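Two complexes are shown next, each including chain A; its partner changes from chain B in the first to chain C in the second.
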Partner chain A sequence: MNIKDVLSPFTAWKRVARDPVTVKDPFNDRPGADRYRGFHKNDVEACIGCGTCEDICENEAIDLVPFKDPISGDSGLRPSIDYGRCCWCALCVDVCTTNSLTLSNEYTWVATDPDEFIFTPGVDKKDWDENEKGWKKPEGNYEFYGLKRVEMEHLHPEERSDSFIEMVKGYSKEQAQKEADRCVECGICTATCPAHMGIPEYIKAIRNDDIEEGLRVLYETNPLPEICGRICTHKCESVCSIGHKGDPLSIRWLKRYIADQVPSDKYKDILDTNEIENNDKKIAIIGAGPSGLTAAHYLVKMGYSVTIFEQFEAAGGMMRYGIPEYRLPYESIDKDINYILSLGVDIKYNTRIGADITLDQLGKDFDAVFSGTGLHLGRSTGIPGSDNEHVYYSTDYLRKITAGEEIEVAESIVVIGGGNVAMDITRSLARMQKVKYGKANIIATSLEKEDVMPADREEVVEAREEGAIINPGWAPQSIEIKDGVPTGLHVVECNSLFDETGRFNPQCSMDVKEFWPGVQIIESIGQGMDLSYISEEFKENMAFSPRGRVETNDYFQTGVKWFFMGGDIIEGPDVIHGIANGHKAAIGIDNFIQGIDFKAAK
Partner chain B sequence: MKDLIKDIESRFKTSDYIQKLDHLAFITVEKEQAISLVTYLRDYRKYAGLTLLTAVDWLEDGVFQLTYLLNNPTDYTEIGVRVMIDRDNATMESSHHLWENMMTYQRELREMFGIDFPGSPRIEEDFILEGWDNMPPYRRDFDTKKYAEETYFPRPGRESNDPATYMKSKMYPND
Partner chain C sequence: MDLKKLFQMNPDRSLYPEMGEDGKPIIDLSSHKFLKIWQGPQHPGITGNMSLELTVSGDEIVESKTHVGYLHRGFEKLMERRKFIQCFPTCIRMCVAEPDPNEYILAAAIEDLAGIEVPETAQWLRTLALEMARLQILLRSVPGQGGTFALGLGYQWGNYIRDLILDRFEELTGGRVYHMYIIPGGVRGLLPDGFKKRMEENLKLVDEFVINIDNLMYNNSVFKQRAKGLAVIPKDWIDTYGVYGPTARAAGVMRDVRKTHPYLKYAELDFEPFTTTESDVYARSRVRWHDLQTTVDLIRQIMAKMPDGGEIRAETPNVLHWRIPKGETYQKCESSRGEYGMYMVTDGSDKPRRVNLKGPSYTHANALLDKLLINANIADTAAIMVSLATCPPEIER
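So, the complex of A and B:
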């Protein structure tokens, strides 16, 4: 032992008078730094349970557990954290689509039961729930997914305002993959889509550049992807989780991208429908609209012999005769429909049930009948002057434009209606005016104010770009007629549509008046159904609601067991509901023919 | 620091000089000259403090990037010396003789990235991953999520739900 070893311990005495470097008082709080990553907090009202936090967690620390019943746009699940696994990296916070998940700066918590360290922030109340400090995703700076959608190229207004050429150009491969890359695959959208399409799956196929797989996913639930990829009401986009922080995914355009990439002659190989085994059962379908075509597609794939009866000379229903060509070109309609017909579906054009063949006869000749006859009848406002011969229904006019019939296009036109059909006729006639007179002179109005107009926002914007005047918030009072010809529409300001009980009861300022000149008036305030092909005797066996709507079960079976109805008559009106109805009715018809109990059916 | 960089560039095979902040610069040096440069900085340019030694896995480029971050306690500047080493032959000359704590960093890098520093004391001892029997976990091709799933599950009392499947079961079970 040397002297140093003896003296060393005493060197510590030289520090005896210094301030200690340790904490003086362990009983007082020692808060984490302002941006410390401590225990989680979750604003459970803002959270939609998309599970992106769970997906990104490299440590499998997060589970999604039930919090409430799911609704459209909210899975009802909330993240539960296992603090035995959490490494406090905060990736879950940074990826959160709603910014609901944050970290407090609280890092000390004592519990004796290890299971207490698994809890659901925001649901299981904790002392730090109100703690404002801690880690939040910094605004801007960086994002884990693109918040801006890849812009879709449109024809410029001056290029499109005098033609019916398709105005939306479609994504290139590069654009589609870039847009698909923004998807977090949460699947929140699937429940909101009436057809419950496998949206994350087909977007993933785009990302993987596997278009064939994408097409297969589309056809699992939707046999009209070219059409839906253009004109679907895309309710899915309204609930897209990315939409909470940025632009929702362009789900509709991505669907169109897949369908556009595959040539018609490849469909059967990709969808494995070159050979379908037939059974000996026959199904009749009334109307070649979205629901009828969809039912036909799924039934023929099940092996049924399917015959469609169509009153017009071409198939498509409202998709062909209601939606203008600049939004939905005929070749896109034909591509979808021709594939369905190529599977062996027989179609009899220019055949009207009730006139050419009775419904009862169909019942005798076929094992089951599906009807999707839609809403084709125009509705009138009934205001004075509306019975004039120069006052038309939009549905008739749109059909005539498609059929190429000669129609009156006046120099000045007023359209009554603020829905998408009203925008369709307004924009179609504006184009025709431009060709005929060199400029558009058309005004459309609705009872609803601009912010609650039923038409899609883009329709209103684009109509204006094309020279139409859209002036919402007015109630039509009368059509001025002079020498048998309209001279214009009298309107008063409409302030509200519904009373306190939610009943339709428009309130107007009768002293705020306007007169809009127009020698032609188009009414576009909704459509009605034509059930004249169903005899009164037949109807007695069907069920109707007090308001006269046909009632069906979950599989669209009416009171007459072999008679199924779907599409706009039952739900909607829009194409995607028709597709959903047609698909489910096909399953219902299969169950009916096989004698499977519907309630047990899946 | 510009003079220092000029001096370094005249003596060593360097590239990619970045002045990140007024007091913080990075420079990349050829592997065989790296320890010489670090030694020169320590002994002749007053960068006597070792702030840290760390690594980045540039998987796509097939290299690991080592960064020797040194500090000058007299003027409070820092310089990061970067070295690219082959990912398939992840071996680097040891510099434990320059700083006593270097051996600890080298042990850590061997365990977490699988980068060897032959001759470094206790280099083969476990660092923090006692009993680890898998790919070094900081390598980017190590699938942390898969490892966590396989190693820690099922844990009693934990159960998760897929949003789309859960919504289907509750909202439209018959479809």
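So, the complex of A and C:
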């Protein structure tokens, strides 16, 4: 044995003189580190209750509980956390779509009641709610799902500015699957979509490369997917939870992707509609627009004999006669409509109710009638000069372009209006000018400033790319007429549209004036409805809102029990509301005919 | 009865247990020459919940059998029911004391199967986290060997510094014990401001500790007397029993995944794992003492070489429905106990089809420990077990 080995351990005694390293004062808090994963906090105003935190929690510690009434873009639920299950991994924080959920650096909590440890952060007030420190989603390239949208390929402005070829190319399989991967399946979109489409389900079908399943999901709520996949106003995308931190999912293009993949002749096999059992009831539908076609589709599937009366020579309504071909090609419209017609729907073209056959007669011949006649009448600004023969309505013009009629295309045009229809006519005429004169010379204006223009942002951007001038924030004053021909439009700057009470009351700076030359003026400030086919006798039994709209119950039944109305004349105007109305009305008609109480019906 | 023999002060142990023809002792409990006692599942000398069924004759162990099953949580099975990202908070509990290798092998397996390239900065940070994890566990297990011989002082010293290292973990990862830092795809954060400076201050304490523990333990006549020559593992057992890491290196077999199959940034670091040949408890502990110094040196190297900023996580598919193509992989790293690996099979779904953890304790504490305990003194049981770096949670994942 070495003597050193006996003495060496005694060197430990030198530590006797040192200060102890143990905590001297156990009553003072030791704060957690800046990144500490302590107790949960939630900014309940920023939270939208999407439930991704619940999805990712491997301990099932998170449960979404009601917090307030759901609104568009907010489920009204908020995460409640069970601290008997939580392991503070903070994956819920990292996956949060709004960054509202965070952890504080607080880590001590004493309570005698075990139930206290199940709490809803942000709702149940806690001491650490104001604590700024603690875990937050790491910064930098740390994302649990893609925030950048897969870019949709468009025709280049030079390629498209003189043709009506469809400008959006559509996703490839790889692109669609990559885009579909970004979905967190929260379903906020489904709640917002007027038709309540199963959006997460069909996006999942894309991920699984199960297009047939995708098509089945689409047709559960929407029999016009080719059309909607192109021109839907996609309210779903405006509330997409991914949109809070990044680009919302391209839900509309994904829908189009599914519909584009399936050839027409496969539809019946996939949707199992080769044989439909018929009953002996007959339904008449007025107008082959989105609501009428949708009602027809669901009614014919229920076994009813459906006859559509259409005033024009082709079906589609505003989808065909309002939306230009470069946004919605006719073959896409035909694909959806032909499938619906192939189910056994009878359609009578060039038949106008009121002129060719009366509503009264329809009521006698059929068990129920659905009307979706839409908004086809143009509205005038009523400014001096607007009664000139070279001042047109956009609706008339768009219809004539579709019908292939000869129309006047002047060298310089001014369009009054800032909605999507105004953009449609502007871009259509810009194309025709390009063909006729070699360049576009068209100005579109709206009362609204650019940031609140009703038109979709992309419409404005693309119109400009195609050579049109979009000049928002001006109020038209008068149309200058010389020798019976317009020479241009006088405008003044418009500062605001609504007064403090929210009433429409434009305020203009009369001294800021401009004059835009144009020998042709198009008015596109909204459309009106034509209800002349409803006789006064019926109208007496129907309720009208103060603004002249027909009032219906939840199933779009009017005061005349067998008469249902939907689409743009009731809600909207847009295609998806029409589809939603048509579907609901079809259920309503079925209930009506079967004598089921609507309140009991689901 | 031979009374003389019964009262003999130094019984002739070579007489019993009597060995049977199969080489196993003939143990007849009714002969009153043997006693069965259980060490564990609750026992300070068992570093977790495990039990040793010991048959002793006098104070000498004649037979030993390891019993596990007190700590079974079924993580491998649980992971088959969890999405890949959800396995991340699950897997760390497979070895609680040293959680980061769990995180790393899971991440490495997922990344290998999904074909994901981890960014440079994240690789450095992973290397740092793994070495910090080794540092904090060695600060327990090095003096812990003294603890098994009732030398508790070094353990107090080590645990204090370990707490400071956990402070560094807390500011880097947000957690002290369950770090949950090495996430599939990368890591969960860059170094906080001033981290390197604070770490260096802690490392200076470790340097001091290395000298102090050398004086207290390795140059201690009692420790030497008891540890030297105890539970020698012959070199030819290394392969037979599947011995890894420091235990193998104490027997002169170079087994260190960091060196033999470099992963992360170890190929860019300059280090040489210590080996010796005595293969007894003292040698195994000494190897760990050298490992402690290597780790301190590695942390200094990593902090000097690593980039200050950069990407921390590779782009992955949406973790909520991350599907990984069909395949299988085995990914390993060097834990403080030896090779620590995960075998994962995927079937193209969003959950692993099969996960199997391969940790050194499984072989060390079962077959090898049973063998080593025979003829050992009962007072040395804990020392032998700890010298094999037994971690019962890792046997029963």
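The working rule: the second predicted complex is superposed on the first by the 583 of 602 C-alpha atoms of A that agree within 3 Å, B and C clash if a C-alpha of one lies under 4 Å from a C-alpha of the other, contacts with A are read in each partner's own complex, and residues count from 1 in each chain.
Quick note on the criterion: a contact is a pair of C-beta atoms (placed from the backbone, for glycine too) under 8 Å apart; a residue touches a chain by one contact, two chains touch by 3 or more.
The structure displayed is predicted, hence computed values, not measured ones.
In the superposition on chain A, A:Ile479 contacts neither chain B nor chain C. Judged by the touch definition given at the top, the superposed model places A:Gly76 against chain B, while chain C stays out of reach.
By the touch criterion stated above, A:Thr11 is placed in contact with chain C alone, chain B being left untouched. Touch criterion not met for A:Met318: it reaches neither chain B nor chain C. Here chain B and chain C are compared by how many residues of chain A each touches, and C touches more. In the superposition on chain A, contact of A:Val460 is made with neither chain B nor chain C. Once the two complexes are overlaid on the shared chain, A:Glu58 sits against chain B and chain C alike. Residue contacts after overlaying the shared chain place A:Val150 against neither chain B nor chain C.
When the two complexes are overlaid on their common chain A, residue A:Arg85 makes contact with chain B while staying clear of chain C. Judged by the document's definition of touching, chain A residues 58-59 lie at the interface with chain B and also at the interface with chain C.
Those residues of chain B lying in contact with chain A across their complex are 144-145, 148-149, 152-153, 155, 157-168, 170-172, 174-175.
Only residues 49-51, 54, 57-60, 62-66, 69-70, 75-77, 82, 84-85, 115, 118, 186-188, 190-191, 196, 200, 554, 584, 601-602 of chain A touch chain B when the two sit together in their complex. The residues of chain C lying in touch with chain A in their complex are 82-83, 85-90, 153, 160, 167, 170-175, 178, 180, 186, 188-190, 192, 212, 215-217, 219-221, 224-225, 311-313, 315-321.
Interface of chain A with chain C (complex): residues 1-2, 4-6, 8-9, 11-12, 15, 21, 32-37, 52, 55-56, 58-59, 87-91, 94-95, 103, 135, 138, 140-146, 181-185, 204, 207.
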